[in-house]
Amino acid sequence: MQIRITPDRFAPEQELAMFLGDGREDAGACATFTGLCRGGAVRWLELEHYPGFTEARIAAIAERVAEARKLLDLRIVHRTGRIAPGEAIVFVAALAPHRSEAFAAVEALMDYLKTDAPFWKREMRETGAAWIEPTAQDITRRARHKETR
Amino acid sequence: MQIRITPDRFAPEQELAMFLGDGREDAGACATFTGLCRGGAVRWLELEHYPGFTEARIAAIAERVAEARKLLDLRIVHRTGRIAPGEAIVFVAALAPHRSEAFAAVEALMDYLKTDAPFWKREMRETGAAWIEPTAQDITRRARHKETR
Amino acid sequence: MARILFFGRLRDVAGCAALELEQCGADLGALRDLLTRDNAALGAALRDQSVRVAVNQEMVAHDASLEGAREIAFMPPLSGG
Amino acid sequence: MARILFFGRLRDVAGCAALELEQCGADLGALRDLLTRDNAALGAALRDQSVRVAVNQEMVAHDASLEGAREIAFMPPLSGG
């Protein structure tokens, strides 16, 4: 299991290559999610975290999800700092014997990261900066997963 | 949108790299699934398809899913022939503005591929060959997605 | 002249992947009767409700007409991924 | 001696990311009163029910004791991904 919070750009395909690199023969399913910075009105995102605390909270949730879904492996990479449109913000990958567990784990972790992981996100727009908070839909989605509560 | 049926080994990370290569700024979410050949009692898998028909059926379903989920892009790669433990059998990736559509599209396509795409799969075991057919769970899962019916 | 294709486990029962027939009958029922003549096990396997049939690469019902049929495929339950 | 941390939009209201205080009060209520003295807007913002608090990197209730507190973090609604 690897959890990485980083101010550096990362390539989702390299994360997937490293994640699948071991080539375990008990794995039948790998689900991934990559969150990307959308452009348009947004010039860039600023993502802040609480060093030490953020890592510890994500690790605790990740362990619960890995156990609940009987995952063989899990990887979470999360950017901080200034993120430009088109760049990856987050990458989550889950390896499991079967697909339902792999999908469920990635969805649960993304719903958690969107609403409850210690990150603060600001959109820098032409018109100024705006803090982004979870939407009502984000909160409803998160409530579906008892293992991340 | 790219759909590829191939007898050649492929690397999921290279597929993801190509899929994300365009760097569109309207995309916020990329979900992927990689199905891997499990080892253990299985020495290898043999996957057969119906050339022309298989491609056409998958393309028709893929277009319906892409439209129903308002996808920005979609990629499906499926191996045929002899597949060894640890190798990738299938890769599905969906790009969307938001994560719920990307996840839903990949799950719907995988549930379709497992039960209704024209492929026939045989496990070669120490004890002989066994044809694999969809499980009751596969069929129940598939019934959740009206856009692939 | 029509080409009959057998996929998956039906190929094992048929003993071949494809057959060329001069006359394939007026409809699928007639074709199944024809194929049963030399191979009773194949006739039974083809009548299983889980078997799907495509004529000229279009899915059809079990009693479809074979007028204009050039390629008839018998497909046992499908399983990819 | 305790370190007070403000995250997200609370940093904008506090006007800084961190404060060092000799005395932070007996509990979170006392600390909020102390922080309100110089900055009424900050006091109101910290009392919002959506704000979460961690003491020494452990989540605590809004009225937690500050005995042994070395680091107190005020966190507005979280949003990653």
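Every chain is named by a letter (A, B, C and D) in the order it is written, and numbering of its residues begins at 1.
The rule is short, and it goes like this: contacts are C-beta pairs under 8 Å (C-beta built on N, C-alpha and C of every residue); 3 or more make two chains touch, one makes a residue touch a chain.
Since we're looking at a predicted model, the values are computed, not measured.
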{"item": "Least hop count linking subunit B to subunit C through chains in contact", "value": "1"}
{"item": "Centre distance in Å when subunit B and subunit D are each reduced to the mean of their C-alpha atoms", "value": "49"}
{"item": "Rounded Å distance, subunit A centre to subunit B centre (Cα mean)", "value": "23"}
{"item": "Centroid spacing, where centroids are CA-atom means, of subunit A and subunit D in whole angstrom", "value": "27"}
{"item": "Touching two or more other chains - residue numbers and ranges from subunit D", "value": "81"}
{"item": "Per-residue overlap in subunit B, given as positions that touch at least 2 other chains", "value": "35, 99, 110"}
{"item": "Inter-chain touch pairs (all)", "value": "A-B, A-D, B-C"}
{"item": "Subunit C residues touching subunit B - in the complex, by the definition given at the top", "value": "5, 7-9, 54, 57, 73, 75-81"}
{"item": "Residues on subunit B engaged by subunit C in the complex (per definition of touch)", "value": "35, 47-48, 50, 52-53, 56, 78, 89-90, 110, 113-122, 131-134, 138"}
{"item": "Complex contacts: residues of subunit A adjacent to subunit B", "value": "11-14, 16-17, 20, 23-40, 85-86, 97, 99-100, 102-103, 106-107, 110, 141"}
